[in-house]
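Listed below are the structures to be examined.
The two complexes that follow have subunit A in common; it is paired with subunit B in the first and with subunit C in the second.
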Partner chain A sequence: MARLIRTEKEVEGRYEEVWLVVEEDALEQWPDGPLKIVGRGAPRVDGLERARGEARYTADVRLPGMLHTAVLRSPHAHARVKRIDVSRALELPGVRAAIGPGDIEQLTGEPGYQGAAVAAVCADTLAQARTAVAAIDVEWEELEVVVDPDDAVRRGQVHDKRERSRGDYERGLAEADVVVEGTYRTQTVLHNSMETHQSVAAWEGDTLNVYISTQFIWGVREEIASELELPQDRVRVVCEYMGGGFGSKNDPGDYTFIAIELSKRTGRPVRCALTRREENMAAGNRNSTVQRLTVGAKSDGTLTALGGEFVNALGWSGWNASTEGPMQMLYACANVKTTTWGAKVNTPPMKAFRAPGFVEGTFGLECLMDELAAKLDLDPLELRRRNYASNDATDDRPFSSKNLMECYRRAEPHWARRDEVRARSTETVKRGVGMASQIWYGGGGPPSYAWTRVGSDGRVTVVTAMQDIGTGSRTAMAQIAAEELGVPLDWVTVSLGDSARGPYASISAGSSTIPSMGPAVRAAAADAKRQVVEIAAQRFDKETRTLDVKNGSVICSDGGKWPLEDVVGLLEDAQILGKGARGPNPTGMQVLTFGVQVAEVAVDVETGEIWVERVAAIHDVGRVINALGAESQVEGGIIQGIGHTLSEQRLVDPETGTILTRTLDAYRMPTIADAPEIVSELLDIPDAHLTNLGSKGLGEPPIVPVAAAIANAIRDATGADVRSLPISREEMLRALREARERERRGAPAAV
Partner chain B sequence: MPELRVNGGAYEVDAPVGTSLAEALREELGLTGTKIACNEGHCGACTVLVDGLPKLSCITLVHQLDGAEVTTIEALRDHPMVASFVRADALQCGFCTPGQIVSAVALVESSPEPTSEEIRHRMAGNICRCGAYPKIEEAIRTWRD
Partner chain C sequence: MELLRPSSLDAVDGGVPIHGGTEVVPLLRDRIIETERLVDIRGVVPSGVSGRTLTNEQQLSSDNNYQAVIIGAGTTLAELEASTQIPAALREACRLAASPQLRNMGSLGGNLLQATRCWYWRLKFPCRLHGGDRCHAREGEHREHAIFANDFCASAHPSDVAAALLALDATLRTTTRELSVADLYRLPTEDDRATTTLEPGELILEVDVPAAPRSVYLKAMDRKRWAFPLVGVAATPERTALAGVAPIPWLLEGDLDAATPLPQTAYKVELAKALVKRARAAVASG
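Showing the complex of A and B:
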């Protein structure tokens, strides 16, 4: 019988209560450790089509009669459209329609950031659409621009202010033997997925088809249906292959609504794709932060107080991500007080970017901890162990699982390389080692569903309307189904990416795809297997408890063995259909991911150049599904983190709000030449309380500690405190000068 | 109308002056394996071979090719480099991958056993935002396995 419960759901650290129908016969978890297929390395099941250029991304969708769109985006960071005239644009060759402020909500007559969509034109070719957009006549009235987040807070120009405290912070500070303070700054960084944000909209009768590069097929469907007041089933959302999102593609975006409206007006399919330059302005970002942090501790390292004033520069809109999260959650400390401002400034809106808030907050907190360790003359790793949180530090809830101490233990051999690494320093190139801890969510949650279909040839198709954003979800789901059903991996096909073709599936954000979808797929496979076993029992006159499916055959404990295709083949054209749903997360428990990274750097103290030479990453994300794909996630997260730490920065003119970095030569992302040696180690200990899999997500954890580990290694190498990202050569040289000054004045350097 | 020689065939393409090779391949010939990610020569996703040498097709004009032979990922589908990329898991979202593979094929044509340093130098023009670089290096080192 269906049982209705109320349960908690978390995405990116934001919680809500949801109703959920759960199945009574939940599956037991598999035994620990690598199984036959799950836990082993498997190359991507869709690797060949992606590598050969055969995979059809949204960028490759070509529908007959399709028109192309160009968008007029505000050249000003804050302005009012006094007059707009699209008539000249409409007269140009190939132009089919034009829309402006007021036609749809996503086109504004009062843009609050440079790049806000104001008007749009569609034409037979993209070149014609661009020419037409340039011919739109606009008269602007420029308005006052506020870019500095501290200035915005002083003016009371804020989206949100969040205060959190426990214990008595002031008393905690008074009890401290040592107090360390520091101001840390992180910059605005851009997702810059290789496939830009884009959609193709096409009406078919009263059904709207939307092809979109998205991380959340069902969220897009719901938002479009609600905005257009359509029944949800009249909106079909398709995303078969996706060229990266990193958090920026969770919603439909202005481009989708522009394409829909132009398609409605012209009766033709319409594509609206951001150019790379638009992508660098209007596609979301990791907001910059200012973090004024204080830590108090006893001389043995026991934390007595943690305090932080955080300012998130959200832009014109956005949500106030939990930059204080690591300070609140990572360590056992009785007295913690934080204030987090979400400043409203005239820059493009933030969007979630791979562990939003925690990447920034971990940089501040974990650098502060190292500065404290230096002051106390304590080993940084030991300091972290002494303040280990055995239960949730904020509300004392037990963790569903936490193996951070084991991560620390496994980090020891990497940490022990310190002397040897430092000894390889020269007169001008200094080397050092630093570490940082990782805490983040990643437990996933319900609802999520999957179906399995076993054909009379014994081959299996998993059907669910999830998306694979490039993380290898198709492969992981195929592994789970193959393991449960007892068939070889290449017998399983995963059909995903289309809301008309399968049941509701989770967002691919918040490291939730595997923990949300995996249990549903396993349940669906188990349902099909149960039916196979029941059919075999009746056909061969056996008891079901004596039967199992292994290696593509039904086997009996008495030695009987029948190939699956023979058993299912009895049914000729009939198919076996299984269904599965994701159960709830454990009640009263906190589900989090943990880890530690140890970075080795070299710093040229004459030029300020920094090389990250080696990163060891040890993470605890529960059961590992695909050992090879998981390693790729760890490497990718670390490399993206290196860009965040050393080179990437979206620059804005402080007076006008004009975006200065709009191209990929100006916005500097890591290349292959920047990739360090990476040693990745996943504990692979299933979370005994979490679902039928015990798996958590891995998309985000690897990027979380990167910046702090590198900054701490730089301090170890040079004695310089780098507190501002990116650590450009200029910033490095500034920090080195500051350290020399300090030494000259007689104060000992931090090392 | 310019003639375009692509993957062993010859095509008349109806392309106005100023049309990029990438656009002609994708829009006129339907060869969408060549991806456009920046469209201004900064990322390498659109890399094709022109007379055997890697070129950025988004900043190469159709009218400048002058009879040169263009090779795209579609002609390299069975190249061992493709299998090597899949085996090594040298791709995540895969959007940059055709361009990576074309550059890698050009590299091993001129240097069949490239050193790590050579790989990191010659592949630095192909950006992978997912950060598959360690595995890309491995795929190129082991392409003949």
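Showing the complex of A and C:
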């Protein structure tokens, strides 16, 4: 029976109270450990289409008569449009329409950041559209630019201020034997998905078709329908293949509304795609942070107080991600007090970026913990064990499952390499090992639905209007359906990526795709299997409890065996249809993911060059669906984390707010030459309380502890406190100089 | 826009010369170069590496592996990084430059003539190098910028190869003259903002590289591959030259304490000192 509940829903660490109709999750979880298909490594079911160029990404969508758009983006970080004239642009060859401030909400006459969309032109070719945009006549009034977040907070220019506290922080500090303080800084980094943000809008009668590179087909549909005051079913959103999003493609974005409006005005399909340069100006970013942190502890390492003042430089708009989250949640500490400012500055708005807030906050907290360990002369791993939180540290709720202690245990052999690694140091190249813990969400939630269709040939199609953002969701869903239905993996096709072809599916963000969609797919497969078994029982005169489906055949405990296609083949053109829904999350429990990473580095103490030589990643994300896909998520997270730690930074001219690093030669993401040896270990212990799968998400956890683990390894190798990301040559050399001076002054070295 | 493909040097008449296009195309796209005519010079500029004809005496006294070479300006960096005939510093500078794809296209001559990566210049700020009256980098973001000769313009020259050829004391033959690599470059001034002495229409044809039994190129960059030098150091027993430290490739005369770093480039002095010490040690005799 459907049950109506009021529940908390979490995405990217943000909670909201929602009404939900949930269907009971009647299926027992599968036994622990790798099964026949689930838990094993499966190559991508769509790997060949992708490799052959047959997979149709939004970037490949070319509709008959389609027009191309160029967007006039503000050259100023803060300005007012005094006058704008598109008439000259409209007269140019090929130009079909132009829109400006006032035409749609997404075009502004008072841009607060460089790159804000001000006007747009569509034309027969992209070159014509670009030429026309250059011909738009604008008179600007430049306004004052503020880019420094501390400056913004001093001026009271803030979006949000969040204060969280438990216990008595001041008393906790007074009770401490040792207090360590540190200011940590993290930089602005850019998502740089392979596929830039883009849409094609096309009206078909009274239906609007939107092809878009998105992480959330249904969210885009809802937002467009609401903005245009259309019934939701008059908006169809399609995303069959996608070149990544990392959190930056959760909503329609200005480009989609521009394409829709221009399509409305011209009666033609209109494409609006950001260039790489536009992408790196205006498509979102991981905001920079300043973190002023304090920890107090007893001499045995027991934490007595944790405090932090966090400033998130959100940009002109954006939300105040939980940079304080790790400090609030990771350790058992009775007295915690944090203030988190969301500064409003004249830079492009932040967007969620792979564990927003927690990546930044973990860097600060876990470096602070290592500085504390050094001061207490305690083993960093032991310090973390001594402050282990058995229940949710913020509200004492039990965890649905937490195996972080097991992660620490599994980390021991990697941690034990310390002496051997350090011993390989030379006069100029110092080696060391560091670790950091990981905490993050990743439980997913309802609603999410899937259908299955079993044909008379026994082949299975899973239908759900979810999206695969490049993480391999298609493959994982096929594995779940194949496992449940007892058929070989290549009998299963997954049809996804189109809101007109399948039921509602969850957002692919917040590490929620597998925990939200997987249980729905399994339930839909189980529903079909139940019907197959009932049909076989009647046809062969067996009791249903004696029947099962294995490896493409219905089998009976008495030894009977009938190929599936023979059973469903009886029905000729009939099909077996299954449906499934995601059940509720466990009530009164906190669902989180955990892990630990151990990094080994080498540092050239004369040149500041850093080599990340090895990272061991041990994560607790419940049941693993695709061992191969999971491993590549871990590798991707660590490599992206290495970019965040060592080389990536978006630079802004302090005077004008101009984005200086727009191209991929100036904005330095890691290359494969920067990638270390990566040892990926997933506990693969199903969460007994979470859904019929016991799976949590893995998209974000692997990037969370990377920066802190590397920074701590650097401290272990050199005694230098690196407190600013990226740890570029100048930061490394500065920290080394500071360490040398400290030693000269006779202060005890950190190691 | 038209693209001409002349078959002889005599047929080259005006327009913007383009070889691999790895520098010219991005500059065209950013409208820093504006032209109606591109001239593909791949058919007219020599390419390949050849040993210079030596006198009998030179042949007797010199190891064949270390003989002087003449390199066509159209030779790609990819060809040079695999050449066993050229000095180690040049080979290493080519190997550490850019990415394999870029090295497959980029030519030696083009590499010597590439413009700075200064973001203000690339974004067309009205800076001194663009004819304006201030250097935006000096007051703005300049972590990648110059530590020498940076008073007028703080841009840094990005060529690894130029630093290597400077240390190797190479000579260029152009369509009109012969000149040392050092004389190819000039610091921009109030009156003339150019960073090379090349005349309009003048093409680099060949590079004459003296024999160098001991030479080395060391490079510090933001990642392990595919980045311009924060500091590059080329050294032979006679000379040391630096990339990424001045508006032009920089022959180090005297020591690095003479540098005039900006607030965000002080680290480059420390970095350069470490690399220079290592490079000189690597080529020291004995």
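Please note the rule applied: the second predicted complex is superposed on the first by the 749 of 751 C-alpha atoms of A that agree within 3 Å, B and C clash if a C-alpha of one lies under 4 Å from a C-alpha of the other, contacts with A are read in each partner's own complex, and residues count from 1 in each chain.
One rule holds in what follows: a contact is a pair of C-beta atoms (placed from the backbone, for glycine too) under 8 Å apart; a residue touches a chain by one contact, two chains touch by 3 or more.
Computed from a predicted structure; not experimentally measured.
Subunit B and subunit C, once both complexes are superposed via subunit A, fit side by side. By the document's definition of touching, both partners, subunit B and subunit C, reach A:673.
Using CA centres, the angle subtended at subunit A by subunit B and subunit C is 40 degrees, rounded to a multiple of 10.
When the shared chain is aligned, subunit B and subunit C each come close enough to touch A:665. In the superposed pair of complexes, A:276 makes contact with subunit B only, with no contact to subunit C.
When the two complexes are overlaid on their common chain A, residue A:48 makes contact with subunit B while staying clear of subunit C. In the superposition on chain A, A:196 makes contact with subunit B only, not with subunit C. In the superposition on chain A, A:471 makes contact with subunit B only, not with subunit C. Of the two partner chains placed around the shared chain by superposition, subunit C is the only one that A:734 touches, whereas subunit B remains out of contact. Once the two structures are overlaid, the count of subunit A residues touched is higher for B than for its counterpart among subunit B and subunit C. With the two structures overlaid on their shared chain A, subunit B and subunit C come no closer than 5 Å at the level of C-alpha atoms. On subunit A, the surface patch touched by subunit B in one complex and by subunit C in the other comprises residues 663, 665, 670-671, 673-674. On subunit B, the positions that touch subunit A within their shared complex are 16, 26, 30, 32-40, 42-43, 45, 72-74, 77, 82, 85-87, 89, 91-98, 101, 119-121, 123-137.
Contacts from subunit C toward subunit A in the complex involve residues 26, 99, 117, 119-120, 122-123, 125, 136, 139-141, 143, 220, 222-228, 230, 264, 266-267, 270-271, 274-275, 277-278.
Subunit A meets subunit B in the complex at residues 41, 43-44, 46-48, 50-57, 59-60, 62, 127, 191-196, 241-244, 246, 275-276, 469-472, 628-629, 631-633, 635-640, 663-665, 669-675, 678. Residues 606-609, 646-647, 651-655, 658, 660-663, 665-666, 668, 670-671, 673-674, 728-730, 733-734 of subunit A are the ones that touch subunit C when the two sit in their complex.
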